[in-house]
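Consider the two complexes below, in which chain A is the common component and chain B and chain C are the respective partners.
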Partner chain A sequence: MELTFYVASAIAILSTIMVITRYNMVHALIYLIISFLAIAIVLFVLGAPFIAALEVIIYAGAIVVLIIFVIMMLNLREETVQQERSWLTKDIFIFPAILSAILLAEVIYIITSGEQIMLDQPSIDSSAVGMSLYGPYVIGVELCGILLMSGIVGAYHLGRQKKKIVHRFLEHAEQ
Partner chain B sequence: MEESASIHPMLIIAGVLGGVLLVAPGLIWLERRLLALWQDRYGPNRAGPFGLLVVLADTLKLFFKEDWTPPFADRFVFVIAPAIVVLTALLGFVVIPFAPGFIVSDINIGILFFLATSSMGAYSIILGGWASNNKYALLGAMRGAAQMISYEVFMGLSMMGVVLLTGSFSLHRVVEAQADMWFVIPQFIGFITFFIAGIAETHRLPFDIPESESEIIAGFHSEYSGMKFGMFFVGEYIGIILISAITVCLYFGGWLGPDFLPPVVWFILKTFVFIIIFILLRASLPRPRYDQLMDFGWKIILPITIINLMVTAGIVLLRESDGKLPF
Partner chain C sequence: MKAIPVEAGLILAGTLFMLGLISVLIRRNIIFMLISVEIMLNAAGLAFIVAGARWGQPDGQVMFIFILTMAAAEVSVGLALILQLYHQLQTLDGDAANKMKG
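Showing the complex of A and B:
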């Protein structure tokens, strides 16, 4: 199991780097899907199969599909690849590199401080997740509900259209 | 039961894989023969007994056709898209119990695993249509993406009724819980909504809007030829087998049946009944318009599934407070 964990996390890191460095957006999103799948395996190995399944269903299966959907509708082609290429210079990597160097130092500190990180945790099943979601964390669930509701109302407002009358004969019938 | 539990897992995997990959092309023959029967024609009846060898001829033809990648396509994405559909559909079979113990992996999130693989299947349509760089393919891909995302919601929600009654996500446990009564009786609305969502998920007629050949040629696979098209074709049939098998597991008692036939035979018989219903739907129903499909999904099916889920949850809660276990 330990080997699966390390392989999956290595794939997650590699594919995430590929997401950042791709010029073509759809290729970047394919690597993002791979990254989500790898993270799902990491969660599964760590003993959270329910969250692992939700990671695939929601993140890889729904959210990325919606992003690809928008990109397809914008119909971005060669010009955007050129634009990305001109934007993605070496200079812009300096600040993120400093930030991740700090994180790397912290990881090295945690590993060398000798604290054991248990990989073989007892598996947490779906009912335990449900119990904690609707027990101590119910306020978070409610807040998420309100957030999603406002999103739906906003989308409905933006997408609303006045009723079109397609033919002059129908003008009187509609009124 | 003990002897079937001792079958080597690799044998089960080989059996399931071989069985599904053998049956899927055979369904092409079955579909053409049945459609012909319902439309008062003969269908393929020349090659071999009952025209069965037409399957071989079709497969050989697909293999030897020129496998053409359009120069304007995105090669990398164009090539992986047909592989995704077959891969995800085959992965779904991992959690299906064909008989007691005859299951590739009885993981405790079986139903969620099935939902995850079927949601990954949407990528084959989207990426295939996008990579073709063709406006009809793109239209088909966009229709497919919208259709599959919306119908996945109802599919997941309609399955949750069964999960509530069983108290487990494992399909093995779901089938075992139906020993007294098939779930199609307490979950009839759930069954109907699940089956409609399943048809939309496999984008079969009447919901074949992503590829509707009379409007947008062949939709997302207009540019595909040879074995790449064959992969989409076979993937669709594997999807039909998968949805039929899951329906049997969730609502029609899986392998359960009278003793005179072995459990696997019961399972296969029930699955074939649903495959034939899929084909009958194709023979009998017209295709709805695209906006009608979306309206039907979000305005009719979604409220019905949510009400069904709430009523089921209420009944389960009542029975639990009476001290009875849910079924």
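Showing the complex of A and C:
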């Protein structure tokens, strides 16, 4: 179980590095799926099987597929990869990476400076999550409903395009 | 079966968050920036799960579900904005969208 955690963590970190260094968007998204699946294994080992299922279904299944569909709608060609190659040069890459790595080193130092605690609690099943979700957190569920509703309305409003007139006869009929 | 230390989970979450942050900083393509935000949100959720497993309480998983909902709403609105930007400017360059004309 311990080995599973470390192997899945290594795969998650490696595939995320591949995501942030790819020039082609579709390749990056495929690596992102691998990263999400590895994180799902980590979540399962940490005792959250319901959340691991949600990670696979919603992150790897819905969100990534949504982004892939938008990339297919945009009909991007080979020039996009060339453009990305010219944008993502090494001198742009190196300075933010060093600064973020210093911040990460500080965070790791702070985390590891305390006493070591083992995760030996039993796994939390979905019924406990459900009881908590519809018990003390029911207001959060309602707010999530409002957020999703406004997300749908906002996406519809933003994604709407001007009416296209496909034929000149219809143009007369419109006016 | 040996247990996993809390630190390992938190370090994994921190590393993934840092990778997402680097990607937001270095990319100019807005689709890649959206993907990076997803990575960061996922890392934040992972930290919540580790904290929930530390105390043996379901609250961490509840927070993960809320983060998941927010990520789904955010990605739908963000992709609609990207489509609009691409139709108006014919580019995915984030720097091109500096004039707020309707």
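The definition used in the following text is that the second predicted complex is superposed on the first by the 134 of 175 C-alpha atoms of A that agree within 3 Å, B and C clash if a C-alpha of one lies under 4 Å from a C-alpha of the other, contacts with A are read in each partner's own complex, and residues count from 1 in each chain.
Keep this in mind: contacts are C-beta pairs under 8 Å (C-beta built on N, C-alpha and C of every residue); 3 or more make two chains touch, one makes a residue touch a chain.
Keep in mind that what you see is a predicted model, and the values were worked out from it rather than measured.
Asks: By the touch definition at the top of the document, which applies to A:60: first (chain B), second (chain C), both, or neither?
Replies: The first partner, chain B, only.
Asks: For A:148, using the defined touch cut-off, is the partner it touches chain B, chain C, both, or neither? Pick first, second, both or neither.
Replies: In the superposition, A:148 contacts chain C only.
Asks: What's your read, chain B or chain C touching more residues of chain A?
Replies: C
Asks: One more residue to check, A:81. First (chain B), second (chain C), both or neither?
Replies: neither
Asks: Examine A:50 and indicate which partner it touches, taking first as chain B and second as chain C; both and neither are also allowed.
Replies: A:50 contacts both chain B and chain C.
Asks: Scan A:26 for contacts with chain B and chain C and give back first, second, both or neither.
Replies: first
Asks: After lining up the shared chain so the two structures overlap, which partner does A:73 touch, if you call chain B first and chain C second: first, second, both or neither?
Replies: Both chain B and chain C are touched by A:73.
Asks: Let me test your reading of the model: by the given contact rule, A:11 touches which partner, first (chain B), second (chain C), both or neither?
Replies: neither
Asks: Once the shared chain is lined up, is A:39 touching chain B (first), chain C (second), both, or neither of them?
Replies: second
Asks: Both chain B and chain C contact which residues of chain A?
Replies: Residues 50, 54, 62, 66, 73, which sit in both footprints.
Asks: For chain C, which residues are in contact with chain A within the complex?
Replies: It comes out as residues 1-12, 14-16, 18-23, 25-29, 31-32, 34-36, 38-39, 42, 46, 49-50, 52-62, 64-66, 68-77, 79-84, 86-87, 92.
Asks: Give every residue of chain A touching chain C within the complex, in rising order.
Replies: 1-2, 5-6, 9, 12-13, 16-17, 19-20, 25, 28-29, 32, 35-36, 39, 42-43, 45-48, 50-51, 54-55, 58-59, 62-63, 66-67, 70-71, 73-74, 76, 80, 84, 87-88, 92-93, 96-97, 100-101, 103-104, 107-108, 111-112, 116-122, 124, 128-129, 131-133, 137, 140, 144, 147-148, 150-152, 154-156, 158-159, 161
Asks: Under the touch definition given earlier, write down the residues of chain B that touch chain A in their complex.
Replies: Its residues touching chain A are 74, 76-77, 80, 107-109, 112-113, 115-116, 119-120, 122-123, 126-127, 129-131, 138, 141-142, 145-146, 148-149, 152, 156, 169.
Asks: Could you please specify the touching residues of chain A with respect to chain B in the complex?
Replies: Where chain A meets chain B, its residues are 24, 26-27, 30, 33, 49-50, 52-54, 56-57, 60-62, 65-66, 68-69, 72-73, 75, 123, 125-126.
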